[in-house]
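After this come two complexes, each holding subunit A, first together with subunit B and then together with subunit C.
Take a look at the complex of A and B:
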């Protein structure tokens, strides 16, 4: 329980740092640390596949892409933002924590739950046999992403 | 083979960039339009026969083994499929000439078809998570399409749209997680059945609130509308037509109505929340529209206002109210698609969207002006056009259900709507022709074909409204009016 709480608090702190830090590189690393902690939480909650994907893809691959992009664009500089933005996020965050604490405290005992069993099973079975339509959707999202990159980074015709 | 609605546009989208290497214009034009025409014909001709004996459920086999590709087609999803194919085809025909100067047409059509596949998938999905996945498919494609012109305005609008959509997605995911935690399932039928057994008022209220925020953002209801007046005007005209005509309705109104009415069951509190949100959107956005000088921005605010009316109609929860809401959804898809397309023709001919700079264009662009007039009068609710009948049904339903105040608000909002549409007509098309527009010509062939097609439909449905309601709207309204029984009774696999 203590470890779990520590992991959750760490997750929130690194997530907030990822938003608040002005240095893009530090921000990207905070995000990686947050998803690493999330991956460990997934493992501890008996979701090893989610944990593996979270750590390898989100904490690993995506962080590499972010850092590459920051390096290639000569980033690492501070991002200039208006003063209002500096205040909005902390205020919303504190308000969210307060509402969350109030709501969750009163809800914790009241959440009724049916045993989940129908959709559990071996990972491969669930993915291929249980969620096949989502795989079609996944292919569509990847297609959309590829076409979006092709479209947004295209060479413009001379009459554009 | 209802899976064709999802898979066919995806396959063609995958082929288009390759086809684009062989032929930069003709083949992509032909392939994309033929695909959408096929889907339209399939939906219109085969659709009603398919669902004649109740909802069609499809579970596909892959290499002889059953896989869980579950899709369901009923009256409500069929109406949405027809709307998507119809407005999608019109906007795609319009793109043949309009997108000529943007370049990379094959890529444009590929993104366009992925967006259509996303909308079709969402409409046919039978579980909450698939709804989320296909919502994202349509959304990711639409971000790129909004930014397609690559100008600073387009990129800024697309970024704003992306950011607010991500907030919407977060709320939707949170709601889905809460429902899954409670019921142990994501299937509409299983969730609906489980919720009946559980006494989960407080938790369900939180899930409903998250869904309302998420879908409210997607449907751009006031006060969640900030992204729409930037995103829709900045996109190329055919994309504006699809976003305003279809996407906000499929990913906002359809998903919200399906989940609230068929899965959760409409409670009095939820009904009141929907009606209040709808009425506020209708009135606030109508006032905001009045103050606009940018033609497409005015149309965008009008979309928020009209979606408000649709949500108000569906929120009543009575069979007549739902039928009116769905009929207005369909009519608004046609008329707003038409108006955005005509605004594209005007922008291409004059190079401006500023209403104050236009004037007298009807003399140079008579067909576009006539089509725009039909669209305007239809949305404003002038008889005998289609928009009149749907507004009339909603107002009658409001009075019947004992909500005279909402009925009066709806009538007053319609008057405001007529006011700003007459402003568009007067400033853009009527009056004295400015000398600088002396060389303006009528829109090219395919752009005119697309607008005339939608204008004829607005008139035709207005005249044949009775058979349209009986054949297309009523089966859809019946599904929603049946409430939870619609999915628990016949959607078991």
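Take a look at the complex of A and C:
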């Protein structure tokens, strides 16, 4: 439990760093580190498939996409961020953490547990047989993403 | 619900709030998108921890995998949009998009 809490604290720290750091490249790498920690948390919660997806897709592919975009757009040095935000963000965030802790402490044991059905079978059965409609939706979303990227990067002809 | 679930709920809420603060305060388009990613991390942590607490981890994993696939599709499309916006305006500043001129 101590290790899990340490991983969760690390996840929040890297996520906050990803938002606060000025350099976009360092932000993207912080986000990848946060994803890596989240993947390890998933593994420790007996969810190896979700952990593998989190580490390979989110920490790997999405980071590559972010770094590629940062390289293509020149690092975004022209954007002048508000200096006030750098002061206000940590203060408001710490205040929220305190309120969050107090709320969770007061809620402890008060949320009624709904009856949970026992799960049978293996992950493959649940994914392919139990969530068939989701998979159709996933295929539609992937195709929509592919067509959107193709449309956005199409070559302009002479008439444009 | 178990006490562990409240711990996960606490951290998931912290992640979502950090992302919302980033969305409110930052001006770079890529930073805004990183904030959205942080919110997505909080949501996937909440989904899986609820499945873990309710002893239905397999369904939660299937949902998280669906969520991750949708997230990748969203990231690819949004980053392609950001690159196109940069080509048009030569800037990643969100305030430049307020000028609705051709």
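Note that in this section the second predicted complex is superposed on the first by the 126 of 160 C-alpha atoms of A that agree within 3 Å, B and C clash if a C-alpha of one lies under 4 Å from a C-alpha of the other, contacts with A are read in each partner's own complex, and residues count from 1 in each chain.
The rule is simple: contacts are C-beta pairs under 8 Å (C-beta built on N, C-alpha and C of every residue); 3 or more make two chains touch, one makes a residue touch a chain.
What you are looking at is a predicted structure, and each value in this text was computed from that prediction instead of being measured.
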Touching partner for A:129 - first (subunit B), second (subunit C), both, neither: first
First (subunit B), second (subunit C), both or neither touched by A:154: first
Contacts of A:8 with subunit B and subunit C, given as first, second, both or neither: second
Broader residue contact with subunit A after superposition on the shared chain, subunit B or subunit C: C
Contacts on subunit A seen with subunit B and repeated with subunit C across the two complexes: 107, 111-114, 116-119, 130-131, 134, 137-138, 141, 144-145, 148, 152
Interfacial residue positions of subunit C with respect to subunit A in the complex: 1, 3-4, 6-11, 13-15, 17-19, 21-22, 25-31, 33-35, 37-38, 41, 44-45, 48-49, 51-52, 54-66, 68-77, 79-84, 86, 91-93
Subunit B - residues contacting subunit A, complex: 6-7, 10, 13-14, 17, 60, 62, 66-71, 101-104, 107-108, 110-111, 114-115, 117-118, 121, 125, 129-130, 133-134, 136-137, 140-141, 143-144, 147-148, 150, 180-186, 190, 194, 197-200, 202-203, 206
Subunit A to subunit B touching residues, read off their complex: 103, 106-107, 110-119, 128-134, 136-141, 143-145, 147-148, 150-152, 154, 156-157, 159-160
Of subunit A, residues touching subunit C in the complex: 1, 5, 8-9, 11-12, 15-16, 18-19, 24, 27-28, 31, 34-35, 38, 41-42, 45-47, 49-50, 53-54, 57-58, 61-62, 65-66, 68-70, 72-74, 76, 78-82, 85, 88-89, 92-93, 96-97, 100-101, 104, 107-109, 111-114, 116-119, 121-123, 126-127, 130-131, 134-135, 137-138, 141-142, 144-145, 148-149, 152-153
